[in-house]
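Look at the two complexes coming up: chain A is in both, with chain B in one and chain C in the other.
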Partner chain A sequence: MTVLMSAPTTRRRARSAGSAAKQSRRSSLAVSRAMLWPALATSIVLTQIPFVVTIFYSLQNWNLLRPGDRGFAGLDNYVSVLRDGSFLSSLGATVAVTGSSVVLSTVLGLLFAVLLDRNFRGRGLARTLMITPFLVMPAAAALVWKWSILDATTGMANWALGLVGIPPVAWNTDVPIVTIIAVLTWQYTPFAMLILLAGLQAQNKDVLEAAAVDGAGPLRTFGWITLPHLRQYVEIAVLLASIMLLQVFDPIAIMTRGTGGTKTLSYLLYERAFVGLEVGEAAAYGVMTVLVTIVVATVALRTLFKVFSTEGLGR
Partner chain B sequence: MTTSRLRGSLVTAVTWVLVLAFFFPVAWMVFTAFKPERQAATMPPTFAPDLTLSGFQAVFDRDMLPYLINSLSASVGSTLLVLVLAVPAAYALSIRPIVKVRDALFFFISTRFMPVAASIIPVYLLLQSVGGLDNITWLTILYIGVNLPIAVWMMRSFLAEVPRELIEAAQLDGARLGTEIFRVVLPIVMPGIAAAGLICFIFAWNEFFLANLLTAQVARTTPPFLTSFVDGRGQFLAVLSAAATVAIVPVVIAGWIAQKQLVRGLAMGAIK
Partner chain C sequence: MKLTRIARRKAAPAGLAATALALALTACAGAGGGGGGGGAAGDGEPVELTLATVNNPQMKDMEELKGEFEKDHPDIKVNFIQMEENDLRDAVTKDVATDGGQYDIVTVGAYEVPIWAENGWLTDLTGDLEGDADYDVDDLFEPVKDALAVDGSLYAVPFYGESSMLMYNKELFDEAGLTMPEHPTWQQVADFARQLDSDAVDGICLRGKPGWGELFAPLTTVVQTFGGSWYDEDWNAQVDSPEFAEATQFYVDLVRDAGEDDPVSTGFTECLNTVSQGRSAMWVDATVAAGLLEDPESSEVAGKMGYVHAPVVKTEESGWLWSWNLAIPETTQNREAAVEFVKWATSKEYHQLVGTELGWSRVPPGARNSTYEIPEYQEAAAAFAPITRDIMLAVNPEQPGLAPQPWTGIQYVTIPEFPDLGNQVSQDLADVFAGRSELAPVLERAQQLAQEAGDAQK
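Now for the complex of A and B:
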């Protein structure tokens, strides 16, 4: 999944013929490379090499509790990953958690972006308050939501429901997946909002005025002009949020420990590797997770393209 | 026209209700931090508590300071090193001529999108074998890997906005590379560097997975330490809220102050 740079130009530089202009171009190319390589090398060492090692581990039979048994296993780990029901259910959990959080935070983010793009008194303050959930440490958010907002007996959610006569819900024990989606949506709505707000502000005001002059109502203008314009921004928000949320770990480790349909791939891998000490199998989960990420990113983009180009939202 | 103005104020009112609802968990957490423990978790909630600092007192009695210092050194250290690596790289990718810019950019962003799952097992085993677990330096180094791509990506979009004539003029003047960068380009992109640095700082400060897995006592950072305030035996909500408040305050205040740069950095990093 990575593309490496071509080799440096040392050889070419050895043949030092050519005009002075060519010479300076080359030396400036060499300088550019010298500026680029430290970052590139750091990135390769810290992320690519470990991934290659992960692939190697995934082909090995290796449990840390039985160091003597280590050996080449071929694709055995992948076979047992696919046979084991926990991979599929985990894939389902990942899709459910990521999918609902991404959709909810994009829809809410669009709503807030439109509301906060209007001119009104205190808009700056409203925007400041709105971006705060994104700045809050995810571990703190998970803890506060679990114990302060969603607690069955003393939580604010149940208190608020009680005000309108709805009986309390045991969020943390009965519907753990809802608690995870709630926290993730809360944290990622500001993120989606920021990107969509940037999109709204980049809109050509003349076109909007022309539409208004032509007698298009605000809803039609929004559906026919603003939404199509926002398309690329929605795509980016969805794509980035999906990729970040696919690997989400904090709220699951803190709030549910993988119970109630919240055992996502990253949490399953964590359990297999660092609780079960199954290095080979966990590495296979790691490789599968990377594949799923690539597939989701691709599918997410494709689907979005389709939805927008064939349906033309807002009719 | 009065109906449209009425509708306008109605939308504004709805906006405020929604915004305040979204902000409520943070406000409630800070409020709870100032309550005595017995009034923190009650039904119905206590809206007029006896305000106290005892929650914060308890947090620092439990020795939160070393964890905050660990978080600070990992975040500041990794952010500075990321900038030292990312600014020249982004400069090479945007201003000075280089082949395969797209490939390099794609490479950087793809490493950011690669799940930690892809690399964590070898990293853990390596650190274990060299005695690098529970070591803040190693955590700092790993954070460089996490944040470098974002910084390169963001810095490149900021640098792309520097007028080329400015640089060409400096080059014609015979300004050497160092002068070109320090005198001409850096002052212009300083806000961009600040934004990229802030985002790297926030991500490092808030990071939980690596910190939780790779540190134990000595190098423990704030996010995993927070979870230790959940106490199965008794009431803990006030002290937990106080600890969480202390943990989020640096980043939230920094984010509020640098809001413009932050928003611009995120949007530009994402879109351009």
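Now for the complex of A and C:
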């Protein structure tokens, strides 16, 4: 009887205890949500409102030098963006410049990271020197390349080519895209190297020892143990380098001026806004750029990274 | 490693989107302007003027000497904001176009003055200048004034001006036994260049760097002297005319045969560099370059250079015309004080002041006739002052080519679309310099772009 009597009470008590817990959990959730708001509001203010304003501008007919003609243009700016053809060619240039620089930086970065992962005298100094290109301001780096290295008559590059009997190259005129990729690779190799070096140093030494005990040579150890381990580091390096290289502007403005397939989206946007002073059209280019990057980022990057995934390691 | 996965899934699109967004935003916001402007004048409170200017040496001299002005006008204080040419153009355009009112005085290039004046952005200075007999407005170079005037009114005052001329290395010419005529033709110049070109020395240096103010400054003058033009009198684009093609082909061939090795990298600064090191025999460019070439500290060819009129084909003269000018935006609160300063900085007394305080070779050239009468200046700039004056008085900004044109200006077209047009066409021409493209398709596209811009003027 007492048992029978007590059972519902306990249950009720348990139930009330449960709902109290649920309530307190809910209120603590409310608190944490409230804590999130300032950050969320800031990011909305900083990213979404300007984006909305950009969309608004993109629907305007607005050249800064024609203040009288400002007005609603509907989708005219988008029509001219799509019809002009410079958007697509610029997209191609962006993919070519960014893609090759990222791939080259990562491959060279891996090479240097492996070298720097070894023990040798002066390793700290070598590491610092290797990182330096990444720390130089992009505009300064572009100027050094333009004047000291790639100058057609007095540059070091042509001097070096001359030593092996190759005639001088007019870098910015004849091979502008190679020039830009060279400068970018030089700047971003240290960045990839730094991330991959961190990956190499995070590698479990026991595993390497076990592999050595099992009789695996350095090449096999590298191919079957180190590389799979580095996969995530490579992904991060590629991702961050791509994000940074997409915005590249300085070497293009200083060295090739957007000629010969080096007019990337960021340079095109600059031209529309600051040379053309076409605020509306520049905004339309901006919106299109955002749309394309979102599509590329969601589709292409995901399939790209599947390539790196290996059986069993894919988490 | 969950984090990287999430980062990859979520942050990638968001991060890239933010990147792209940042691009889009810069496109709209751009570089911000300088500091705040001065408030209105109160009783006894000094008026603070804000002056936005390019960071050219002549402007830096003006800032150095502003103390003299402030000494004479204890109630006025002048603050200088110096910027790169492109930054200045952006900052001032934005400020004036959006009624920002940050600046009381702005430096405006010759190309922008008529456009801005027609937009109602600049105050009319005619009355202030003509009303002051001491100022002697008629002493200002006539062609420079013409290029700045809108319907006979002056909306800006030239601070210094320049034309273009042919500069040649006399030593190299003597060695080769060549003589440069006083008024050479382009054909003669091309022959000289091809003769003088060797492994060690370029026959000629001509700008090839894309940009309306880089490649198209000299190239437009070449087109005009070949009988071509950007537009006819009714704003019909003339880029597909045989003269335009002939002139451009001539220019490109000359550069490829006997010019600098890397034309896309070569603008004013790069040519100055090669010529002043004696690595280029000729150079057609701004007259102000002469002052730099004659400076023994920075130039190895000081005293070895000769200067003649810019080469021609069918016209009498082919020099361009450019000036940096002081103007007062409509939005200023301190118009009277600003006028005082503008008058001071462009006066005869200022030229005397620069000469005595800073040296005679630093007097702003190409603005006033009387400057060229000053004996000390004549002596200091003997190599290039007389010819600079001759050319500046000889050029005709109202009709530089063979046919009449509907705008005033020589190496540019005074329409808002021109920087964009010139920039795009010169980028395409880079492909022709490199041999990646033929000239015909480039000019075909240029004709289309030019016609679109021309249609906007009709």
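The rule is short, and it goes like this: the second predicted complex is superposed on the first by the 250 of 315 C-alpha atoms of A that agree within 3 Å, B and C clash if a C-alpha of one lies under 4 Å from a C-alpha of the other, contacts with A are read in each partner's own complex, and residues count from 1 in each chain.
As a convention for this text, a residue touches a chain if its C-beta (ideal position, glycine included) is under 8 Å from a C-beta of that chain, and two chains touch if they have at least 3 such contacts.
Keep in mind the model is a prediction, meaning the values are calculated, not measured.
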Q | chain B versus chain C, judged by how many residues of chain A each one touches | A | B
Q: Check whether A:Thr54 is in contact with chain B, with chain C, with both or with neither, and answer first, second, both or neither.
A: both
Q) After lining up the shared chain so the two structures overlap, which partner does A:Ile195 touch, if you call chain B first and chain C second: first, second, both or neither? A) first
Q: Look at A:Val164 in the shared chain and tell me whether it touches chain B only, chain C only, both, or neither; answer first, second, both or neither.
A: neither
(Q) If we overlay the two complexes on their shared chain A, which of chain B and chain C does A:Val296 touch? Say first, second, both or neither. (A) second
Q: Have a look at where A:Leu143 lands relative to chain B and chain C in the superposition and call it first, second, both or neither.
A: first
Q.
On the A-aligned overlay, A:Leu40 touches which partner chain: chain B = first, chain C = second, or both, or neither?
A. first
Q) Thinking of the overlay built on chain A, is A:Val275 touched by chain B (first), by chain C (second), by both, or by neither? A) second
Q: Pick one for A:Leu219: touches chain B only (first), chain C only (second), both, or neither.
A: neither
Q | Those residues of chain A which chain B touches in one complex and chain C touches in the other | A | 47, 50-51, 53-54, 57, 151, 153, 232, 236, 243, 246-247, 265-266, 269-270, 273-274, 279, 282-283, 285-287, 289-290, 293, 297
Q. For chain B, which residues are in contact with chain A within the complex?
A. 8, 11-12, 14-16, 18-20, 22-26, 28-29, 32, 41-45, 85-86, 88-89, 91-93, 96-100, 103-104, 106-108, 110-111, 113-125, 141-142, 144-145, 148-149, 152, 177, 202, 205-206, 208-209, 212-213, 222-224, 226-227, 229-230, 236-237, 240-241, 244, 247-248, 251-252, 255-256, 259, 262-263, 266-267, 270-271
Q. Inside the complex, what are the residues of chain A that reach chain B?
A. 1-6, 25, 28-29, 31-33, 35-36, 38-40, 42-43, 46-48, 50-51, 53-54, 57, 111-112, 115-116, 118, 120-122, 126-133, 135-141, 143-145, 147-149, 151, 153-154, 156, 158-159, 186, 189-191, 194-195, 197-198, 232-233, 236-237, 240, 243, 246-247, 249-250, 253-254, 265-266, 269-270, 273-274, 279, 282-283, 285-287, 289-290, 293, 297
**Q.** Of chain C, residues touching chain A in the complex
**A.** 1-2, 4-5, 7-9, 12-13, 15-28, 30, 86, 90, 93-94, 97, 115, 119, 208-211, 260-265, 274, 279, 416-417, 419-420, 423, 427, 430-431, 433-436
(Q) Per the contact definition, I'd like the list of chain A residues that touch chain C in the complex. (A) 47, 50-51, 53-54, 57, 63-68, 146, 150-153, 168, 170-174, 176, 232, 235-236, 239, 242-243, 246-247, 255-260, 263, 265-266, 269-279, 282-283, 285-287, 289-290, 292-294, 296-298, 301-302, 305, 315
